[in-house]
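Mind having a look at this structure? Questions to follow.
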């Protein structure tokens, strides 16, 4: 039906999207066929993935641009509930996120997976990579709860297998377990949320209620709507990694192969954002203000805690994973603001908040993807993620270093790259909070803005550390010596993302023009009219007098001044700078070990925010020969742990084990006791059961 | 014989069956147990025969005969031979607190009566009042299985329970349809044979039929 | 014809196997017999599908959509299990764990067991149903103690005693049922025919039937493995040969539940309330939760999966108890997919324990490296049984949950809690077995891949698409339910 | 484009910044020396320093990468661009909409980001120490900074510098929120520019250095650019403070006369700031690093008070 020839002649966005998903799924068939030719498998499968991603991105972009809203129904699924698919602008936008990231990551994988294939079979990696993409594609295309959940769990399971891909490490298994378990719990609450909505849609007498269309039409009692919202928020929050539901994220994302980490951090957790938007703005539609405030508060907490925990990390990918928590927080801040404004019937402002959130979604996908790919390149070259063992890579891996730097600047929300634009929009949304008709919110929301400021400043600190310790300075161990630059496909993948980061940073008005249809769909207003009222060069979200920004001019301006200065200094009597040894403070034997480390870099922040972490620091002198004050060696160990683990997860797990121990007592081994159970059961049934 | 008299005999025999149930509960020695069980079967068979006569149900005679052959002769004989062959210790076991067990037994009888009395209302048979006794016999058999630690004693408890079931069939409906009765009897016979196989297996693997040694399979909380 | 063939095939197969069960060709005879039974069952199903319910002359056998579906399932799983048992038992034979005599016993009893289950499913007589259930116990009890280890003997003893006690209660229930029926239908062999009882259900005395149901539930419920009557189940599953664990979990429990449901239908007809269903729901939920938590601390792999069976039987009992079109449909589907998936899990587990020479989970590692298909089969099976889409278990659980939210919304969280806990328990244990580096004591074994793949593929297909004949089939079965 | 004056003004602003910044720093140092009973160098000394540095040979550490060499240019470029954006002489200049006040802060953050990277680039302990401290303090200062901006923007309904200056110029006088915001701004400006009590620009004592530790390895023209940019930044912050909190005299519409007047007024105000700064610094002692959080906490508190008082007192 969907492969009808006339559609090939004049395709529609949803045709492209389903074709993309089909390509991804079809690619999995290559795995058994080419199981013994890994090189061919990698080439063909990832080329197919690239093609599919491109189609998905095009289809999604088209759907947004055309404000299309097409639905189709596939004749599979459970009885009375076939698979409904729909491509509306919101789905289209997220399809672009998937497609864009899938595109660059697949290109990158062409080289990256080859490297892995030298060590171990990669059939599983290829298979689940494709399934993962297909799962995410179907999540956004799904237009009924059943398909949504199937796709959602398909995405989860395939990413789980990718997390445990290198399953020999126990850490990977632990991470995989935690991830899959929490994701499953999340899926269950999402299911419940849909159940509540479906119950109001059709009373659960038929499956029609599970179609999103029926939920849209349903008139849900406020109390139950809140229940559905909270359930959905919990479920999606688990996936998104909202603090305190984030603990799986920094475990699972780092241990996956880096191309997968990029997709997980860049795209998969955005599916949760999609879910939140879909459920609140679309399905439930009537939003009380405190939902927005709750999302905003959760976003703030996530952003702050995420970045603070990130600062404490010295595993490069783990650090990046915590930053995903932070950025999800920032996205949620935008969306929460949008929800709050929407609740108070301020459509333009709601549109601004929503756009800020969506813009950051796209941005984060791009730069976090870039960073994970960069980290993957580092790992590929050095075989370690441990920052304390790295250093000085910029000399040997100039391309990777430069591209990674772009990612660092972007994620630190520094102009002229993209991260700044979305955070700036978020600030603008914050600054409009005085329009809210609630004094309490008026006072509290600005403090949230300060929290965001703290977050982005800390993020900058963190990425100075991440880039500085990894790429700058001198090699801290043999891992970082004798490395070489990664291959061309990996560089192309990263370069594409870096370029996208720059373009989104300097052309925000164009993007917002394109994006504007989404808030129009949900809150009935957009900001494009004002945002690009002064042309593509200027971003003026509300009004030019209110605030304006031009990334292009910042970029070109700084570039021009730098160029002028350079010419001024080098034009006349240019002398190449002399190379000399760094100043050694009079101490003659400088070694790389004297450099600042990741741990020492974040020490002041650890001190300032110490109360938020569970710090176990121990330093003890060893080999004291002459005098206690002059030990030969000092052993130092530092463990910074997530407090939430002890606050929430450990008690839950302890309780589960406690109950488990109780249940095992039932099976005590003595048959007489078992007979007593039967006996008592009969008695109880006889007395109460008749 | 007048129906009233027959009913009284039936009641008396059923009381004896119940009494033997208590006897089984309290007896320690294995041969004595076997004998008590055989007696229970005998009274049951007699009871059945009298009901067959009183109610004029022909196939109940067959049932009575079946009981006689199986419960009084065959199964006790098989068990007897087994016990002798395997040189099973005579004094079966030390039971915990016989008086308490008996008290629980009495409570079970009360409960059985309580459970069955509304049902008896629907019955017009001469055996209607013995329904509660049948249930009580089942329950006592179960209780016996709980309190015993010896495999043979447990099997006897099981068979006593079957007696109760058979009794129930007689008292509620003058016996089940023939095909069912036969099938049940066959099953019980096979069960008895398998029990015999098990005695050997337990004997060889545990060197005793004391069930307290059979508590290896349990959840060890190692973590 | 089909019916006769279906019932006779296992018996006919059992006879030569009782004498030549240790020979090289015996497994093939075993497979052929099961395959024949399967073909007959398909033929029977076709008849039922074509002509509606069949009742043999005299009414001793009654085949409707409900039981023919289970008969096909039983025949199918027994066929694949026979295929699995060929390499499995050959390995046991080679290792010297079973001698020729016990191979004969094994093969003969396997077929007899299948026969007992088919009889229980197809008979119309509630008394015969009881006899067949007892026969199924008797056939398997010697299989559980096949290895003659202290543990296996103990397990078999417990299985025998506990199920024997349980089934005795069911006989009491049958007596009461007959008592009630006799008043309406009169005395005689056909009084206990389910079709007759069902037709007259509304005039049966509700007081007696509700009492009878207590005994049915306590009786057949013990065989279903409902907590707290379940204690035999983990022991018997863990100590018996793996093919037997597979059919116990995959089939016997279903058959026992089938018996409970048949009784429930009658009781509901008499009482006009769902009181019986409420009892089933209570025990089902209890089973689900207790078994889910019990999964956590298991060390023996087959033991763990037997708890998972308890959990799933709890879900089904709950769903049947919930009643209604949707829940019953879901419960039937769940029966089907659970059988398929659970038996496939036992297949893989059997191979895995052969690879490592133990059933202790902490000694099993890196299956996926040693034998990728077994490893993937196990992990995919576990994902499927844990209710992850796109497998059929997800669909049935989704439907059950929907029904729960409609009928008893406040039980839904408990249900979900149980599912989540069970998922955690299973995953926690399975992951280290499947993944990791293979230990030194791992040896390669010849594995039967086809049964595993076949089962999982069917479960997968059912998750995405339920063929119309199957759903019609279920619908017909559902229409039988009263509540 | 028909009126060239605004464009000329934009360039003039940047040029003014370039030219006057060393003088301001020289003046600050002179006043400080005098307060410390030293004679001190004349206010033109920074010009001589810069000239000398430009003439000197640049030495780059062996391990330094292109980041190290690129950073001075970037810092210089960013600062000059900022000079073109901030309304010094007149509002509504063509480059003014390029960045609002938030973007301006972010542009400076970009420069800081690179300086901190440069500190790590050489691979010495000092560089890392400086970077670490600088980024820590910056991250504490940033929220306070934003709160101060927020307070100002609440009153002016804008974050666009031109609008803010124009609004304040129009009618804001003594408002409590304004006073609090000003105080907060001063504290933050001290921190941002590495002045006492947060950092001591004159020290090269190893353990107390922050900013200086990062740029320890710079020499020649690179150091010149960084130093010059630092001077401009100080002046820019002073100007920003003046523009936001005391904009009187700024040219509302670009015109030759008003601009000339604006220039005069601006110079006077700047001189006042440059005199006040050393006086303030004289009264303070440098804080230990771990006390800086308290200092910035006060700034944050003041800014928050500004917002609170805006909502409580001024509505």
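By written order: A, B, C and D. Residues from 1 in each chain.
Rule of thumb we're sticking to: a residue touches a chain if its C-beta (ideal position, glycine included) is under 8 Å from a C-beta of that chain, and two chains touch if they have at least 3 such contacts.
Because the structure is a prediction, the values reported are computed rather than measured.
Participant: Need the graph distance between subunit A and subunit C over the touch network, please.
Facilitator: Between subunit A and subunit C, the shortest chain-hopping route counts 1.
Participant: Per the definition of touch at the top, where is the C-beta contact count highest among chain pairs?
Facilitator: Pair with the most C-beta pairs in contact: A-D.
Participant: What's the chain with its C-alpha centre farthest out from subunit B?
Facilitator: D
Participant: Name the most central chain, where centre means the mean of Cα atoms.
Facilitator: A
Participant: When the centre of a chain is set as the mean of its C-alpha atoms, what distance in Å lies between subunit B and subunit D?
Facilitator: 100
Participant: How big is the gap, in whole Å, between where the Cα atoms of subunit B centre and where those of subunit C centre?
Facilitator: For subunit B versus subunit C, the centre distance works out to 30 Å.
Participant: Could you please state the distance in Å, as a whole number, between where the Cα atoms of subunit A are centred and where those of subunit B are centred?
Facilitator: 69
Participant: Taking each chain's centre as the mean position of its Cα atoms, how many Å separate subunit A from subunit D?
Facilitator: Centre-to-centre distance between subunit A and subunit D: 35 Å.
Participant: In subunit C, which residues are in touch with two or more of the other chains?
Facilitator: Within subunit C, the residues that touch at least two other chains are 157-158, 161, 165, 169, 207, 211, 234, 294, 297.
Participant: Listing for subunit A: what residues touch at least two other chains?
Facilitator: 657, 661, 664, 667, 671, 675, 678, 682, 686, 690
Participant: So, with touch as defined above, which chain pairs make the list?
Facilitator: So, checking each combination of chains, I get A-B, A-C, A-D, B-C as the touching pairs.
Participant: Which of the residues in subunit B end up touching subunit C in this complex?
Facilitator: Contact set of subunit B toward subunit C: 115, 118-119, 122-123, 135, 138, 142, 145, 151, 154, 158, 161-162, 165, 168-169, 172-174, 176-180, 183-184, 186-187, 190-191, 194-195, 197-198, 201-202, 204-206, 211, 214-217, 219-223.
Participant: Which part of subunit C faces subunit A closely enough to touch in the complex?
Facilitator: Residue list for subunit C touching subunit A: 157-158, 161-162, 165-166, 169, 207, 210-211, 214-215, 217-218, 222, 227-229, 231-232, 234, 279, 290, 293-297, 366, 368, 383, 386, 388-390, 394-395, 398-399, 401-403, 405-406, 409, 412-413, 416, 419-421, 423-425, 427-428, 431-432, 434-437, 463-466, 471.
Participant: For subunit A, which residues count as touching subunit B in their complex?
Facilitator: Residues in contact with subunit B: 657, 661, 664-665, 667-672, 675-676, 678-679, 682-683, 686-687, 690.
Participant: For subunit C, which residues are in contact with subunit B within the complex?
Facilitator: On the subunit C side, the touching residues are 125, 127-128, 130-131, 134-135, 138, 141-142, 145, 148-151, 153-158, 160-161, 164-165, 168-169, 171-172, 174-176, 178-180, 182-183, 187-189, 191-192, 205, 207-208, 211, 234-235, 238-239, 294, 297-299.
Participant: Along subunit A, where are the residues that touch subunit C in the complex?
Facilitator: Interface residues on subunit A, with respect to subunit C: 76-79, 146, 149-150, 153-154, 156-157, 164, 167-168, 170, 172-173, 176-177, 180-181, 184-185, 188, 191-192, 195-196, 198-199, 203-205, 207, 656-657, 659-664, 666-667, 671, 674-675, 677-678, 680-682, 685-686, 689-690.
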